[in-house]
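By written order: A, B and C. Residues from 1 in each chain.
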C-alpha cells in the first residue's frame, strides 16, 4: 500500500518510544515528590539536630524554641496532637460506624443513593470553614455547659475534626460492608437472625479489615489536620492530655512559625522541619498499616 | 415444635430482638439526620453571620484595618491565579502519569513502586507539602514566596487525585475497542490518542474539577510558603497591551488567597472582622460546593452518553 | 445433537472430484506454521503445530473449548504480544517473502498491518460508519478525501453492506444492528487489503439470518484474501471452509479437505468429536 509522509512505520514507532519516555517521566514525578519530601525534612532537621540532642528532643517537657530560654522537647506538641485526635475518634468512630451499618444493612436503595453524594460533598468542605465553626460556634455553645472552658481549647477542635471525618469513615466502612457477599448474610438470616444481629455478628466481622482500614486512615487524617486546630485550639504548646485546655499540635506550631518572619538559617526555622519529620513518621505508620489492611481486605473478597 | 425451647419462649425472644432492630433503625436514622442537620445548621449560621457584608463592595475592596471597608479583592484574584497555575501543571502531569500507569507500564516491581508512591502521597498531610514547598521551591529553587510556588505546591498536592480519577476514566473504555484498534495495526500511542483518551474526557474533567475544588480550600500549604494576608495590591496582570501581550511577572509576585484571608480575619477578636470571615467563608464554601456539584453532574452526564 | 456422519447425498457441495483434489494439492500456500509452540508463562498452550494455510482458501479451525484454536489464530497477528509473559517458538512463514510472523525480530505492529482480524463480538469504534472503515487507512497515511471515500466504498461493497449504509455513512456505527456491525468490522479489516483475514468465531454472537449473510460473505471473500476461521460450530465449518483442521489440547490432530474430515476422518479423536461424543 502507498504510504503518506508521516506514516511510515519507523516514524510511528519512534514517536511512540519518545512519548512513552515522556509519560514515564510524568509518572516518576510521584516518586520524586516522595523523595523530595523525605530529603527536605531530613536535610533541614539535620541542622536542627546539630543543636539539639535526640534525648532532649524526646524527653524535654517544654517546647519553646522561640524564647530566649529555649526548650526543644517535642512531647507537648505530640500530646496536643494525640489529645485532639483522641477526641476526634471518640466522635468519628461510633457515629461513622453506626451510619455505615445503617446505610449498608438497613436503609433503602433510594436513601443510600441520596445520602452518599451528600457525604461526598461534606468531605469537600474546606477545613478553614470547619475552623470557623469550632472557634465561633462550638466553643460558645460548650461554654454554656462548661463556663470555665477557655476560648481556645482542644475539645471544640477535636469534636469538629471528628464531625469532619465522619463522612470519610462512614463511606469507607460502608463500602467494606457492602463488599461482604450476600451468601454470608443469607446464612445468618436463614437461621432466624434479625438484621441487627446479622450486621453485628456476620457483616462487621466479615468486613473487619476494611473497617479497620477506615479507622486507621481516619486517624491519619486527624493527625495531619491543621486549620481547625490552628484556629480553635490555640498556639500555646503545653504538655497536657486534658482537652479542656488550650494546646498546640505539631501542625499548629508549623503554622505559627510560618506566620512569623524567621530568618532562613535560624533554629526556629529548622524546628518546623523537625516537627514535620515527626508528623510525617506518625502518619506514615498509620498509612502503611491502613494500606496493608486494605489490601488484605481486597484479597479476601 | 422446636426441641430447644417452647414456642412461647421463641416468640418472646424474637419480639425482643425485633424491637432491638427497630431501635437501631431509629438510632441510625437519628444520628445520620443529626450529623447532616448539624452541618446544615452550621452553614446557615455562617451565611447569616456574614450576610451583612455581602455585596459588590466586599468583592472589590482590598483588606483594610477598618473591618467595614475590608474586602476580598486581592484574595479571590490570588486564588484564581493560583488555581490557574495549579491546573496548568497538575492536568498534563497527572493525565500523562495516569496514561503511563494504565496503558504502558508493565507489571513489575518498578511500576509497583510508582503506584505505592501515588497512594502514599494521597495520605501525606497537606502541611508537609507546605514544608516541601518552603524548603524546595521558595529557597532552593529560588521562586520566592510567589504565586508560582503556591501553584506548584497545590499541583503536587492534587496530583494523586487527578491520577486516580484519570485512571478510572481510562479503565472504563472496554478492552474490545482497544483490541480492534490494535488489530488494525495501530501503535500503543495511536490506540490511546484515537480511542481511549477521547472517550475518557468526561472522567478526566471530573477528576480535574474535584482536584481543583480540593486545592481551592487548602490553607496550610500556602501559609507555610508565606502567603501574607494584608496584601493591598494585585499581582501584575498577565495580559499587557504591548508585544508580546503575555507577561509572567505575576508568577513571581507575593499574594494572598481566600482561605488565608478567612484565617486571618477569624483570628481577630473583633466581631466585625469575624463577620467578614463568615462572609468570605460562605463564598468559599459556595464555590467549593458548586465545583463539586458540577463535577458530579459531568460524571453523571458522561456516563449516560456512551453506552458500549 | 448430530450423531450421524455427514453423507455425500445431503451436502453435494462437499463432494470432491479427482481433478479438484489435484488442484487443491497444487494450491500455493499463503502461510506455513512449522513446529509452532506457544507458552502463557509456564503453561504451554500450543504444541508442535505444523499446518499449511492455502492461499485464497478458507481454512477452519475446530475443536472443543480450550483446545487452543483461538490461541493459534491469535499467533498470526501477534495479539498475544499485548500481554506479558508470552513466548513463541517455531515459525509461521508468510509467503511469498518468507517472513516469520512470530519471529523475534519481526515487528508485531507491522504484522498487524498485513494481517486483519474480525472478532467474536462486533466491536466497531464509537465513531461514524465512514470513520470506522477509514481508521486503518488513516493509520497508513491516507488523508486525501476522495481517495479515502473510494477505498471506504470499495471495502463496504466487499463486505456486502454498502447498499445498507451508503446513506448513513455519517451516522454512528453503534446504531447498526448486530449483524450489520459485524459486516462493518469486516469492511474495516478489508479496507487495508490484508494478506490473511482472521475470523475469531465471528457469528457466535449473531442471530441465524445475520450468520447466514456472513457465511455467504466469507465464501465470496476467499477469492480476494486467504481466510482462517475459528469456529465452535461444526456445521458452519462444513458449510464455509475448504480445509478443516481439528485441534485438541493444544495439538493439531488432523487436517484435510473439509469434505474428507466430515465424511471420513483418519483419526478416531476427530471422528469422536465430529460425531458428538464430546463437546
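Note that in this section contacts are C-beta pairs under 8 Å (C-beta built on N, C-alpha and C of every residue); 3 or more make two chains touch, one makes a residue touch a chain.
Note that the structure is a prediction, hence the values are computed from the model and not measured.
Q: Which chain has its Cα centroid closest to the overall Cα centroid?
A: Central by C-alpha mean position: chain B.
Q: From the C-alpha centres, identify the chain that is farthest from chain A.
A: C
Q: Please tell me whether A-C or A-B has the greater number of C-beta pairs in contact.
A: Between the chain pairs A-C and A-B, A-B carries more contacts.
Q: Rounded to a whole Å, what is the gap between the Cα centroids of chain B and chain C?
A: Chain centroid spacing, chain B to chain C, equals 51 Å.
Q: Between chain A and chain C, what is the gap in Å from one C-alpha centre to the other?
A: Computed from C-alpha means, the inter-chain centre distance equals 56 Å.
Q: Just curious, how far off is chain B from chain A if you go by their C-alpha centres, in Å?
A: 15
Q: Where in chain C do residues touch at least two different other chains?
A: As it turns out, chain C has residues touching two or more other chains at 109-110, 113, 139-140, 192.
Q: Touching two or more other chains, which residues of chain B qualify?
A: As it turns out, chain B has residues touching two or more other chains at 187, 190.
Q: Tell me, which residues of chain A touch at least two other chains?
A: Those would be 12-13.
Q: In their complex, what parts of chain A are in touch with chain B?
A: 12-13, 15-16, 19-20, 22-31, 33-34, 36-37, 40-41, 43-44, 95, 98-99, 101-103, 106-107, 115, 117-118, 120-122, 124-129, 131-133, 135-137, 163, 166, 192, 194-197, 217, 220, 223-227, 230-231, 251, 254-255, 258-259, 264, 272-273, 276, 279-280, 283-284, 287, 290-291
Q: Going by the contact rule set out above, which residues of chain C touch chain B in the complex?
A: Within the complex, chain C touches chain B at residues 77, 79, 82, 84, 109-110, 112-114, 116-117, 119, 121, 123-126, 135-136, 139-140, 174, 185, 188-189, 192.
Q: For chain C, which residues are in contact with chain A within the complex?
A: Spelled out, the residues of chain C in touch with chain A are 107, 109-110, 113, 139-143, 192-193.
Q: Name, in rising order, each residue of chain B that touches chain C in their complex.
A: Its residues touching chain C are 106-107, 174, 176-177, 179-187, 190, 194-195, 199, 306-308.
Q: Could you pull out which chain B residues touch chain A in their complex?
A: Result: residues 14, 17-18, 20-21, 24-25, 27-29, 31-32, 35-36, 38-39, 42, 45-46, 49, 92-94, 96-97, 99-101, 104-105, 113-114, 116-121, 123-132, 134-136, 139, 156, 159-160, 163, 187-190, 210, 213-214, 216-220, 223-226, 259, 262-263, 266-267, 274, 277-278, 281, 284-285, 288-289, 292-293, 296 of chain B touch chain A.
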